[in-house]
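In what follows, chain A forms one complex with chain B and a second complex with chain C.
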Partner chain A sequence: MKIAVQHLARIEGHAHLVVDTAAGELLECRLEIVESPRFFEPLLQGRHYSDVAPIIARICGVCSNSHTLVSLAASEAALGVRISTQTRRLRKLLAFGEILQSHLLQLYFMAVPDYLGVPSIFPLIQRQRELVSRALRLKKLANDICWAVGGRPVHPVTPCLGGFSALPAAAALQDLRRQLVAALPDLEQTVELFAGFEIPAFERPTEYLCLSGEPGYPVFGEAIISSDGICVRVDEYLEVIEEYCVPHSTAKFARASRDSYMVGPLARFRNAGKSLSPMARKVASALGLAANTSNPYLGLIARLVEVVHCAEESIHLIDDILLDGLRSEPLPTPNKGGYGVAAIEAPRGTLFHAYRYDANGCILNADCIIPTAQNLANIEADLRQLVPTRMHLEQDALTRELETLVRAYDPCISCSTHLLKVDFV
Partner chain B sequence: MKRRIGFFDFTGCEGCQLTVLNLEDTLLDLLDLVEIVEFREVMSGSGGELDIAFVEGSICRPDEVERLQAIRARSKTLVALGACADTAGVNALSHFRDLQQLQRDVYGDHPTPAGRPRPLSAVVQVDCRVPGCPIDGQEFLSVLKALLMGKPPELPAYAVCVECKLAELPCTFDQGIVCLGPVTRAGCGAICLLGGDRCRGCRGMIDNPRAQPYDRILVEHGLSEADILREFRTFNMSGEKGQ
Partner chain C sequence: MSERKPLRIIGVGNPLMADDGLGIVAAERLAALDWPPGVEVLDGGTGGLTLLDLLAGARAVILLDAVAMGAAPGTLRRFTAEDLSDLPAESPGLSLHGSGLSEVLALARELGSLPPLLLFGVEPSRVEVRIGLSPPVAAAMDELLVAVLAAVASFDQ
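Right after this comes the complex of A and B.
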């Protein structure tokens, strides 16, 4: 039996899924990444720090805020710029807004169709209009957070080196807080919807990697930790993560302690589930998400748990910001070079940016490691173990189950093909 | 009978399609008017003849050329969606670099097929366009509305500078910062200036940019040709060396 899905649907970017079996044996199993490479890292060479984040954000429309925030943090580390508590809080709120928007898009637009047996969410407009309206209401709230803080949901405008070029109005934040509280019933309904889905049974323990070092569930962090015992500073990332090329992919693969590892919602949940918000912990236990689960399909449920966490935490964060009052702060104009690394928990996992600047504040070289590139080897390893256990299925059913597994990782192919290691000559 | 529309993506970030999906308030009404028959990012399956194809991304490789030609062949109207499709956008940053060197830098001894990113119009006939990086959601709706009513969509012929003045925002030149607002096509509501940034020119130039007054503004503020060229080399590279 040969399965070849060209341009896999309901994922970000272009990938083919190829599986070949004969007489009950798995001959071939690849996730081919066919997106054209865009060479973002070398193209940054020579660019001034004020251009770097706006250019690098264009790697990915879905996670442009994460790229912007981690890019600014790496530039700040390199150029010796410190940021205020207000900036740190607003950036975290923007990160929550993006995680919400990205997760809700994946849950409702990309995953729900798999579990309800429809090709997309659009046919549900007639049959289950309330479900579609709820998806749109929640997604709009996530985007409203990004509008208020970042100035635009896709490719934000206001975040800049050292802070923000424009601050949200206090009234806008108050309005977001009201909307977040009013959205809780919608979140409850969402949890009920997903509680009814039958998640395929499959276990494959792997290494789970995420950031650590700040109190609470990870967003920003000074340290990299993993379930295999990795615990290093973020600027030592090259010592624990090895990227390598495979012939069938324009994205590089990555490994840490073993042949593959996982980043993203399930990895964060495994390593830091105890620091989730109270409501998110309740949802996790209601949905039967065990602290030691090794079923990659449950990445979907971990994503939903994170939605609840981000919504609840955003309310508290807005309270903290409003309590202290918003004040405009002077922006720095650094006049030296240097090397800096930063990492962020983007919607799909740990995202690293590292820059070296010359004395004029222009990029000498850049390196980025993308969540999906880190997950690719793990997805293939899952597929290789899964296929032999599903040989009894018809081709269509098997294809669906394999696609559902790939989607559980919410791969972001645009990102993963654009950013690889570079040594300038 | 509802008009059949499709969304397609090539080399880009899918941020323009995402901007369409971000039209939460309008999406349900929109779907009463049109049938989305193809949208790989959020749909399985593909759908035959199309009234309107919205195409995002640049064209880099021979297989992309073929795929785009096939979309053109089954679409009555083809719209370039966003800067990468319209002008090659940030993808054109690689036009000034040695492609083979870039490939070696990134992939080492594992060469991967890549070509110069080109706008859609280098490969097929493009009937109209929605500029910007990313597109403006409201402008997308007005282009779609015009097409559904059988009218040619119109983009503003004036510059972002006009929208910035109407919003009574301070001029960045007064802070010694080069802004491409005087020569960039309006339609975004000067969103970047509203956010405290400058115009980086993502929507491409107006049809008749007036170089002399612009030059005078630069000189008055002690800025050089190099300052402005650097600014153009983010979103407007294809104008210099594109196909």
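Right after this comes the complex of A and C.
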């Protein structure tokens, strides 16, 4: 039996899925990444630090806030800039806004059709109008968070080196808080919807990697940790993560302690589930998401748990920000060079940026490691183990199950092919 | 204060991909003009479905984008919502930056939230990793801005 899915639907970007079996044996299993790589790093070469984040913000429309925030943090680490508590809180709120945007899009528009047996969200517009309206309401709230804090729904403009060029109005934050509280019934309905889905049974333990070092569930963090015992500083990332090329992919693959590892919602949940918000912990337990699960399909449920966490934590963050009062802060203008590394938990997993600046504050070289690139080897390893256990299925059913597995990782191919490591020197 | 929904002029595309960013360049220039209340100029970037919210909240929308039409680089063409309704989702012919514009329009139409809409498309010359427009597309910017100004006036008549 040969399965060849050209342009796998409902993922961000283009990938083919190729599986070949004969006489009950798996001959071949590949996730082919076929987008032509786009080398964006040369655009950064020679750029002054004030121009770097606006360029990074345009790399992708899906994770533009995470890229911008980690880019700023890497520049700040390189140039010796410290940020205030207010800046840290606003950046975290922006990161939550983007995780909500991205996760809700994946859950409702990409995953729900798999579990309701329809090819896309379109048939549901007539048949399940309330479900679609709820998805759009929640998505709009996430956009509004990014718009209020970042100045745009995508490609943020207000975050800058050392802080924000413009602060959200207190009234805008109060309005977001009201909207977040009003969204709780929609979140409950979402949990009920997903509670009814039958998640395929499949276990394959792997290495789970995420950030650590800040109190609470990880967003920013000074350390990389993994379930195989990795615990290093973020600026030592090259010592634990090895990127490598494979012939069938224009995106790089990555490994750490073993042949593959996982980043993203399930990895974060495995490593830091105890730090989730109270409501998110309840939802995880109600949906049967166990702390030691090794079923990659449950990445979907971990994503939903994170939606609840981000919504609840955003309310508390807004309260903290408003309680202290928003005040405009002077922005630094460093006059030096240096090397800096930063990482953020983007919606799909840990995202690394590293920059070296010359003495005039202009970029000498840049390196980025993208979540999806880190997950690709793990997805293929899952597929290789899954296929032999599903040989009894008809081809269509097997194809659906494989596609659903790939989508559980919410791969974003565009960005993985955009950012390959290039040294300019 | 008027409760009227805004007329939105939305540039889309990626300014890191040369002419693919022409809608963003045009939106930047338009944003610098003095507009009457009720007209907004927005940078839609490559936000994909995010565009749906921008459409839903508007009384009318003017989109600015690079469109591969097989014409000479810099050629300007005006599309109505009806012109665009025949395009299949993810049509390779329409938008070059993969923001799923045709899917977003189809979704808005199906939801009944598609406002009166015009798309001004300019034929790109080069779409590659590079900041800045090609000469023929840069030369077409004035014509595009004039066309947008006329369209805004016609919507509000």
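Everything below uses one rule, namely that the second predicted complex is superposed on the first by the 424 of 425 C-alpha atoms of A that agree within 3 Å, B and C clash if a C-alpha of one lies under 4 Å from a C-alpha of the other, contacts with A are read in each partner's own complex, and residues count from 1 in each chain.
Definition applied: a residue touches a chain if its C-beta (ideal position, glycine included) is under 8 Å from a C-beta of that chain, and two chains touch if they have at least 3 such contacts.
Since this is a predicted model, take the numbers as computed values, not measurements.
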{"item": "Fit or clash between chain C and chain B when superposed on chain A", "value": "clash"}
{"item": "Contacts of A:Gln6 with chain B and chain C, given as first, second, both or neither", "value": "neither"}
{"item": "Which of chain B and chain C A:Thr389 touches, first, second, both or neither", "value": "neither"}
{"item": "Partner chain(s) touched by A:His155 [first = chain B, second = chain C, both, neither]", "value": "both"}
{"item": "Touched partner set for A:Ala166, first chain B, second chain C, both or neither", "value": "first"}
{"item": "Touching partner for A:Cys60 - first (chain B), second (chain C), both, neither", "value": "both"}
{"item": "First (chain B), second (chain C), both or neither touched by A:Thr333", "value": "neither"}
{"item": "First (chain B), second (chain C), both or neither touched by A:Ser285", "value": "neither"}
{"item": "Per-residue touch tally on chain A - higher for chain B or for chain C", "value": "B"}
{"item": "First, second, both or neither for A:Thr85, with chain B first and chain C second", "value": "neither"}
{"item": "Residues of chain A that lie at the interface with chain B and also at the interface with chain C", "value": "13, 38-39, 42-43, 55, 58-62, 64, 105, 109, 121-122, 125, 132, 136, 139-140, 143, 152-155, 414"}
{"item": "Residues of chain B touching chain A in the complex", "value": "9-19, 21-22, 24-25, 27-28, 31, 36, 39-45, 60-61, 64, 89-91, 93-94, 97, 101-103, 105-110, 112, 114-115, 117, 133-134, 191-192, 194-197, 200, 230, 234"}
{"item": "Contact footprint of chain A on chain C as seen in their complex", "value": "14-17, 42-50, 52-54, 56, 98-99, 106-107, 110-111, 129-131"}
{"item": "Touching residues on chain A, where the partner in the complex is chain B", "value": "7, 9-14, 35-39, 41-43, 48, 51, 54-55, 58-62, 64, 105, 109-110, 113, 119-122, 125, 129, 132-133, 136-137, 139-140, 143, 151-158, 160, 164-166, 245, 247, 250, 414, 420-425"}
{"item": "Chain C partner contacts - residues on chain A that touch it in the complex", "value": "13, 38-40, 42-43, 55, 58-62, 64, 101, 105, 109, 121-122, 125, 132, 136, 139-140, 143, 152-155, 414"}
